[in-house]
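The first chain written gets the first letter, and so on, giving A, B, C and D; residue counts start at 1 in each chain.
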Amino acid sequence: MIRAIASVLRADAHGVTLDVPEWPAHRPGQFAMLSLDPHGLHLDPLLPRPMAVFRADGGRVEFRFHVVGRGTALLAALSPGDDLGVLGPLGNGFTAPAGSGGRAILVGGGTGTASLYEFAAQLGSRARVLLGGRTRGAILGLADFEALPVDLQFATEDGSSGHRGLVTELMAPEPGDEVFACGPTAMMDAAWRLAQAAGVPCHVSLESRMACGIGICLGCVVPTDQGFRYVCTDGPVFDAERLDWKGLP
Amino acid sequence: MTAGGAGASDRPEPPDLSADLCGVALRNPVLLASGTCGYGTELAGLLDLREIGGFVAKSLTLEPRAGNPPPRITETPAGMLNAISLENVGVEAFIDEKLPALPEGVAVVASVFETEIERYGEVCRRLEGAPGVVALEINASCPHVKSGGIEFGQDPAVLASLVRACRASTGMKLLVKLSPNVTSIAEMARVAEGEGADGLSLINAMQGLAVDVERRRPALSNVLGGLSGPAIRPVALRMVYQAAQAVKIPICGIGGITSGEDAVAFLLVGASTVQVGTASYANPGAALEVRDGLQAYLERHGIARVRDLVGGLLS
Amino acid sequence: MTAGGAGASDRPEPPDLSADLCGVALRNPVLLASGTCGYGTELAGLLDLREIGGFVAKSLTLEPRAGNPPPRITETPAGMLNAISLENVGVEAFIDEKLPALPEGVAVVASVFETEIERYGEVCRRLEGAPGVVALEINASCPHVKSGGIEFGQDPAVLASLVRACRASTGMKLLVKLSPNVTSIAEMARVAEGEGADGLSLINAMQGLAVDVERRRPALSNVLGGLSGPAIRPVALRMVYQAAQAVKIPICGIGGITSGEDAVAFLLVGASTVQVGTASYANPGAALEVRDGLQAYLERHGIARVRDLVGGLLS
Amino acid sequence: MIRAIASVLRADAHGVTLDVPEWPAHRPGQFAMLSLDPHGLHLDPLLPRPMAVFRADGGRVEFRFHVVGRGTALLAALSPGDDLGVLGPLGNGFTAPAGSGGRAILVGGGTGTASLYEFAAQLGSRARVLLGGRTRGAILGLADFEALPVDLQFATEDGSSGHRGLVTELMAPEPGDEVFACGPTAMMDAAWRLAQAAGVPCHVSLESRMACGIGICLGCVVPTDQGFRYVCTDGPVFDAERLDWKGLP
């Protein structure tokens, strides 16, 4: 894990790419905290923003997002050469299924697809990747996923790409499969139910309000069968079976 | 003249940063605030705790506690609200597991809070002589069950009993961390001093509330939370200023410190040490930047010792 | 179906923004806060006061007063400190010169402050029946000379005498503007209600201090000042929430409002009207944007009347 | 006076130029309040910054500054097309000497030179313009002043341009002259003493902490022989004789 002031290589309304020469090796599904005010010019927004590492390669670290509030608006407005504080990689990330038997079903919705790209790339042909969004344009990183050697399917609410409907309707898990989901809580909940019905393991990558990303603010808890766990250090990837789904905010 | 040669005495000495925390000598006056640095171990690789004055660990109760359900934090203009509540590993795990994991030479302040006065005293007793612990900080911003949930630090009589009980329970140095949610911080400061506090820490987070308007719900599950960060700095400076005029014991200033200049401001109004809290979230090395900024300020102004700043506000 | 045709009834009615300020019907719930809009006339050409609910004029004393020497203001994170002190044109000039200069149809709230209770009553008496003045706002954040300078609004007994005196002096609607520098806002709210206040305004600026570290001086000539702006919004929301649970009279929410969503938050925690203060400095049209944002929120959520939001925080 | 959200045409460490089609006619020496957060993204810095109008022409409004704090750093970092709130023109501005006799001596120091450019341009050959700074590079708008048909002299502390020393040392006011000064208080004070000694009128353009710029916050007072006066509405230009110089902060 490193903390650096990184230089922006490019930024737009869908993502930001940073130059972080000291970026260490990381695992698919890990995240970083991006600090918008590395030199104390604004003091607001004060807290760093958690973002999944979309892809990293030789110090070139990419994040993908939709503009939903002030932080993402400011990220989108960055110019090449601007400074951004970065702390990462953080969290546990995804673990590839141990056996070589079944498929890994990756289910992504909304901005959650950003967490899955490197995992899909790592799994290659073992991965069935299902991505959903309101429209085709709402699926983060779509073009990059299309370039991967994976079994890829889309679902959109308006039918603008692939299946018209919910992405989980494409899942059809079979014994031996393993499910990995990241997206809105309702989507992950549905994925977990389908996995449960099929008797296959399900791992979900959660979001939570974060201040520190490293286990010191105790802000990012989620309820599990072992009490509260921290999304930043125990997660973001959790075994769906261990979560108290009703207690998620 | 060559570097390191005989002329070294011509170069100005680096300023003396050593500070006094209620009778404990510290390397420099910059500590980390309770609840914003875990138990110290989490910062390994990000901040060397031996380069700052010390840190105040997350407040401890007698037993481990779980705290509030999510959401526990939310951002506000130049600040944040938190309602972590009492979550901590408990005093025993702190002594048995957390303290031994720290490197040698780190000054640890153990923070104590509870819901009943007797239990505060008991936590203090357990901490007596814990290795590395240089002082205790009594967190008075905890709801007092017997007073119907108002904070210990909001009622002079309750605060007096609390400090008296803690004082009686331990020979260790006692810092009392005051609640900012009061009409007169000077009165509370005098109460704590009168009952034998060795120093004061102020301020704790201010009580606040935020609303998630789209969902029409409180932003925090607990509805109320503690406001921290630069937003509260002017209130914190005012309270340190007022407390410093009311008491003789040293004050540790806290509230929205993000730079060396912010630390200088707290020293000038009367604090002799400071704590960095929320700023560490955006930058785990913030306290080091505060220390460096403080040193640069002293050099720029030709001030030899950091303690010469204390209470040095001109008028 | 053509626009403006018979199908007009199919289009949703614009939401009803009308609001109630302690018994006074207002066009909408957005007012300008005292001290941040002068006497209303200064905004000509920048903001049409008839498009918002009304404005609260700069607090008035019996005689014209000059206020503090400079510097009087300074910026803080997401906020500002001011120490204007008592500067105003005096109640007579307000009635004779300022009120007549306002356009017809502007709802004016006259704010009153003084250093002695009797003088508060006298200012209220002079304002009785002043044209355009729909209510008086008693600013209790003024230092009370006889109590050694603590604010009227910081002592329940002093506040009670103040409200009683003002109540006795006038038949006009009385808003009492509470000081946020107290341990229990609920207690103060109950005191004001008990003495006959028709409504409450909260919060006034919070007491704070800033330091000009390079000059080692207080940033304000008065040392202490009032903190306002978005920084204090979480504290203001908390206090409105607590006061609303303590009293039945309507509350006007104030503190760091910059957007329609901010106004919604205050309404949800129990305010029935709001005031925009510091935000008007960066944008004199801020209150209009707040009104528009409030209307857009109601439309987005299909809420017919702004008053349906009041106290509507879900839990 | 207008309030607009203006588009940035150019910005650098010495100034910002805005596109403000609705900008009305104004007088030399007037100023504007520049609001760095017109869309509420940062909330900090919250207050607008007062800046003299350096020059305005057909909706193209120029300001000049040195970066001294957060606000000016953010102004300098603006990019073309960015939005900036602008409220102006504000204040009284300079009034050209009534008679046609003596010279108008314009004395500028530091960033104060920005207030004088249009006044110098208006006065033309009647103006003796004396500009001072620590170094030649510190004199705002130097090249623009050099292009004016005025009697121009410089003073720098390091002697890098013109007279080595204080700009007021160049003044030498004579009966019939009128002095107009803008710069650090000490400089304006010195200008006023010299004018006084020569028995000529002296007008100074003051700075003060401002929140509103339009007389509603009552924040910007300066002490005069008639009590406090507001820099934003009674000034920024004051008759030096009326000021209580010792009471200036």
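Going forward, a residue touches a chain if its C-beta (ideal position, glycine included) is under 8 Å from a C-beta of that chain, and two chains touch if they have at least 3 such contacts.
Computed from a prediction, not measured in an experiment: that's the story for all the values here.
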Top of the farthest list for chain A, CA-centroid basis, is D
Ranking B-D and C-D by C-beta pairs in contact puts on top C-D
Rounded to the nearest Å, the gap separating the Cα centres of chain B and chain D is 45
Whole-Å distance, C-alpha centre of chain B to that of chain C, is 35
Residue numbers in chain D touching two or more further chains are 43-45
Residues in chain B with touches to at least two other chains are numbered 77-79, 229-230
Contact graph of the chains (line, ring, star, complete, other): complete
Listed in rising order, the residues of chain B that touch chain A in the complex are 35-38, 42-43, 45-46, 58, 66-67, 69-75, 77-80, 82, 84, 87, 221, 229-230, 258-259, 278, 280-285
Within the complex, chain C is touched by chain D residues 1, 3, 35, 37-38, 40, 43-48, 85, 87, 208-212, 214-223, 227-228, 247-249
Listed in rising order, the residues of chain C that touch chain B in the complex are 76-79, 81, 150, 154, 181-184, 206-211, 213, 215-218, 223-225, 227, 229-235, 237-238, 241, 256, 261, 264-265, 268-269, 297, 312-315
Interface with chain D, chain A side, in the complex: residues 41-45, 70, 73-74, 79
Counting only contacts in the complex, chain D reaches chain B at residues 43-44
